Each structure stands twice: as C-alpha cells, then as structure tokens.
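Down below are the structures I want you to see.
Below are two complexes that have chain A in common, paired first with chain B and then with chain C.
Up next, the complex of A and B:
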C-alpha cells in the first residue's frame, strides 16, 4: 500500500505498544542477571532479556522512521505515564515463579499478536514480525519448559507459581487492550483482527496447556480500556532504573 | 499447599559444536541441567547465542564411555617405535607428485 494511505497515527499506537512491551519485559527480566537460580539459567535469562531489548530497538526504529522521532528518545525520554506497555508487565520482578508466570502469559500473547501481523499489508512491519517470530520460537520453548516444570512440581514450585498467576490474573490479558484507531489498522490490512478477537485466539491456544497442568484460565481484565495505562509504583521504580544513566547526562553521546 | 514432588538431580551434560557446515564437531564445554530439554536450551544459550554454531550435540556426561586406564593409554614400556618422528613424508610426496604430473590435492570443501 502507498505511504499516503497509511493510518499513521493508529500504526504509531501499534508500534509503540509493541515496542514498550518488549522494552519493559526485557528490563524486568534483566533484573535476574547475576542472581538467577543457576548459572546456566542466569546466562539464558540475560540473553532472553537482551533479545527483548533488541526487538524493542527494532520496533522503536520502525516507529522512528514513521514519525521522525529518535528511537533512543522514544525509549528513554518519556515520563512513566506515557509508556503504553501492558499492565501485565507492571508487577515488579518478583520471585522466579512470578517471572516464569509473567513470561508465559506475555510470550503466548505476543505469539498470537505476531501471527496477526506477519501477513499484514505494510511490508516493514510484516517483515519485521516474520523475523521476530523466528526468535520468539525459542523463547516459547524456554518458557514452556519452565512453566510446565513449576506447575508440575508439587510443593513450593507449584504453590509459588499459583500465587504469581493469582497476582497477575486481573492483568493477564492486557496485551490485547484495544488500541486507539484499531479499526483503521484492520481496514488497511495491517492487523488481521481486532484485539478482542486476538484475545479469544490466545485463550483457545493456551487452554489445552492450562488444562493439562490443572491451572485456571485467567479472567478478563477489569478495566479493559485501561490495560496499557495506570502503571503504578513497580513500573515507576523500573523506569527510574532504566532511565538513570540517560538522565545523568542528558544529550550525551554514548 | 500441594504435596512436594521429587525433584530431578542436576547433572553435567557435554556440549559439542560445529562452527560451519562440514567442520568437525568440537568439544565446546559443559552445562549443568536437570534434563535433556533444559540441557539443550542452556547449550544453545552458552554456545550458540552469538550465532557461532550451526549444530550442537548435547550428551549426558554419564552416557560418555570414559577410557582413562593408564594400562590402556599410557603403558610403561618404550613406545617410541610407534611414533612417526624422523620420517618426513613431505619430500616423498612432492617427488611422487612431480613424477605423476599431478596437482597438489585441494583441501576438502568446508
């Protein structure tokens, strides 16, 4: 499709929400560097976190090309309330079970979202999503392995996972918060289906896993329209961490 | 509270990697993991995350046949007559090649 007919504003919301998701989960997971349960997992989790930051960089880059904004400024120079990541990612690093529960919900949601974008009509995004899917394949394998182990190991592992899933439940489906201008994205063929439909696809995709592990399907969000707002104190802390160096010398070239 | 389940022991796995197609598999190192699935994930992250490998072999160390008996590998009598020292192949090969008019064979494609 020609650039002139691009629904630029809505596309900006889509790219921004995806980039912020990857950026925030990447920084949350990087909090495990040095303290993960075993050395091998420490390296694996740090590498996964780097992957997510890499995906965020690619998405901020695309957003920058679309709007003329500087990708670094998009990532680091906004106030906490301007970020549009899903509230699923607003619960602080927590314990290992919380990280696994959050990654499971996020990675499975992201997979459903990417599937709805790889056949899209705007080549830059469709092509990027096709690449992201290939990297996320390993992320899904890694998180499936951990999720099944914690859920299937009675005692502390399963109890902690259940507690984490309980805490995340109200925000579990917030990746699928409807985007401003969403109908324009669907009409333009950039996004295959409305977020509400994607949420149903995601639930259908994870239902067999949850069933097999004896886990409950998370409920629908309490305030579906605000699933990417009202970020709260855990994100305020994380924002302070990940903008600290940048704010220490604004405008510096690193 | 759920009932505690027995947890698998963490054990060492040996990792071999191939840098490019056609290269030999070389020992890369080892990882600790409770089972083959996680051993595979950790091997990938430790020895493949920078795209430095095209194939990995991951094998439980307990499944490796270990030969380290000195009677088998380091017997005490003089074995110097089994070593090719003092026998230089290069000149003989060059002479034979000249005689036959053949080219020096190329290295096998990698």
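Up next, the complex of A and C:
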C-alpha cells in the first residue's frame, strides 16, 4: 500500500492506542521492581515492563514516522487527558492479585488484537506485530500460570483475585473500544476486523479458561465508546510519576 | 588503517562484523547472534541492516555504534539501520554461536526437553523463572551440580 493511500488519521488512532496501552501497563508493572512478592517475580515484572515499554517505543516510533511527531514527546509531553490507553489500565497498582488480574485481561486482549494485525496490508505495522507476538508468548505463559495459581488456591489468594476481577469488570473489555475511523482501517486491510468482533473473539478465547477456573465472564462495557477516555486519579498519579524526570528539565539531552 | 574502497566487498564487511561483539552476550559476535540481515556495499558507502533480538532491546544503540566504529576502518560512509522486515528468531544463532554460549555458561535456545546444564551437561534441570537478567534469557537450576544457570529464550 502506498503511503499516499494510507488512512493516516485512523492509523494514528490505532498506533497511539496500542502504544499508550503498552506504555501505561509497562510503567504500572515497573512499580513492582524491588518489592514483588518473590525474587523471581521482581525480575519477571521488571523484564515484562522493559518489554512493554520497548514495544511502546517502537509503536510511538511508527506513529512519529507517520505524523512527524517526536516519539519521546508523544510518550512524555502530553497532558493526562490526551492519553488513549484502555481504562482497564487505570486502576492503580493495587495488590499482587490486582496486578495478575489486570495482566491476564490485558495480555489475552492484546494477543487477540495482534492476531488481527499480523496479516495486515501496511508492512511496518504487520512486521512489528509479527515480532511482538513472539515476545508476548512468554508474557502469556507467565500470566496464565499465575492466574490459574491464584484462582485455584482457595482462601485468601482466590478471594483477592475475585475482588480484583470485580473492580476491573466494568473496564475489562476496554482494549476493544472502537477506534475513530475504524472502518477505514478495515477497508485498507490494516486491521482484520472491527473491535466489536475482536472483543467477541477474545471472549471466545478466554471462556474455556475462566470456566475451568470457575470464574465469571466480564460484562460488556456500559459506555463502550468512552473506553479510552476519562482516565481517573490513579492514572493522574502514574502520569505524574513517569513524566517527573522529563518535566524537571525540559529539553535535556542524555 | 584505511582500506581502499575498491577492495571493500560484502565478504570483507561480514568478516569485520564477525569481530563486533554483542554487549550483553560478549562471547557472541553480531554475525553468530544472527542479527545481520543485509549488507550492501555500493558507491555511496556501506549499509548494514540488523534485526533486534527483542523489540525493546536496550543494547541496540550500542550495537549500532560498535558496528559503525568497526566499519569506519573501510573509509566509506556507514549506515546502520534496524528493521523488523523479518523477525529475529533464536534459531538464527549459528552453531559457532551456540557453542560459544555454552562455554560462557548460558544454555543455547531449544525445546524445553533439550535444555542441559552448561556446567555439567545434566538433564536434571528445572526452570526457575521465565525471565532473567536480560530480556532474552530465562533462569534455570541444575539439580545435579546445584548451580543456577541461564538459558537463551527460544523465540
């Protein structure tokens, strides 16, 4: 596909939403560095965070090539309300069960989204996604094991996981918030199916796991179109953290 | 020493790249790691495209700089670019590279059942953590010689 015929605006929304998702979950996970419940998890969460922020950098890079924006400015110089990550990622670090519940919902959603992009017609994104799934396979192995471990252990672990899933439930499917200009992406062959269809695929994919663990399926979002807006106080706090160094000396070079 | 441009060809450039080591796995050259995707030598200079092992690999800028520094001896303009045109996979590591990893105490990538302790070659190993000190490594433990060791991830 020639650059001239690209649905640039819609593609920008797609890249921006994916980049913001990976960036925000990466920073959330990095909060466990040094204080995770096990040494191995300290390493795992740090490594996962490094992966996700690396993915965000690559996606902001593509967005920058498309629009001429500076990838670092995209990551760090926007106001909190300008970020377009899924509301699923707006719940604060919480306890370990909250982190596992959030990662489970996010990683399974991301896997469904990546599948719908790998065969796409815009090579820079299709090729990047083909690379990302190879890394995300490790993320899924990690989170599937922890999710099953907490759900399958009676008493406090399962109770905490249930409480986390309850809190996340209204936002559980928000990775699949319809994107502005989405039909143009499908017509151009960049995205295989509308987000509403991808949400159905994701539900079909996780249903057997949730069923086996005796867990309920998350409900559909009440206000589907707002799934990437109205970020709350937890994100305002995280934004303050991850932009702190950048704001302390604007324009500094390292 | 500046080599005259007419003597520069892809073979010479690849031989030079075989001397550029990965900063996180210093026993491996970028050639043995399998990240050299394309080498073009033309009138405008030398162009090398490399494949990041991981999308967020923090070593990639160091690798680009090391390649640029090593190829500068050819006296031609150098361009080193990264690409995801094909995904780097762990089976791109050469047999030479796999042997070098094992000597350094890092088990080479492969199926879970084929993981052997790089110290004592025992098969009595357990995976301790999928994630390790760099993005590309997992942590294992050998029950025979009671040593922890790292395994390069299979991706």
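Note that the second predicted complex is superposed on the first by the 254 of 254 C-alpha atoms of A that agree within 3 Å, B and C clash if a C-alpha of one lies under 4 Å from a C-alpha of the other, contacts with A are read in each partner's own complex, and residues count from 1 in each chain.
Throughout what follows, contacts are C-beta pairs under 8 Å (C-beta built on N, C-alpha and C of every residue); 3 or more make two chains touch, one makes a residue touch a chain.
Just so we're clear, the structure is a prediction, and the values are computed from it rather than from any experiment.
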Fit-or-clash call for chain B and chain C when the two complexes are aligned on chain A: clash
With both complexes overlaid on chain A, does A:40 touch chain B (first), chain C (second), both or neither? both
State whether A:154 touches chain B only (first), chain C only (second), both chains, or neither. first
Counting touched residues of chain A, say whether chain B or chain C comes out ahead. C
Please indicate which partner A:130 is in contact with in the superposed arrangement: first for chain B, second for chain C, both, or neither. second
Looking at A:55 after the superposition, I want to know if it touches chain B, chain C, both of them or none. Which is it: first, second, both, neither? second
Check the residue A:138 against both partner chains and state whether it touches chain B (first), chain C (second), both, or neither. both
Superposed model, chain C segment overlapping chain B, candidates 5-13, 77-85 or 131-139: 131-139
Can you pull the chain A residues that chain B and chain C both touch? 40, 43-44, 47, 138, 141-142
Would you mind writing out the residues of chain A in touch with chain C in their complex? 40, 43-44, 46-48, 50-55, 57-58, 123-124, 127-128, 130-132, 134-135, 137-138, 141-142
In the complex, chain A touches chain B at residues 38-41, 43-44, 47, 138, 141-142, 145, 152-156, 158-159
Along chain C, where are the residues that touch chain A in the complex? 54-58, 84-89, 128-135, 139, 153, 155
Spell out the residues on chain B that touch chain A in their complex, using ranges where they run on. 1-5, 7, 10, 31-33, 37-38, 41-42, 44-46, 49
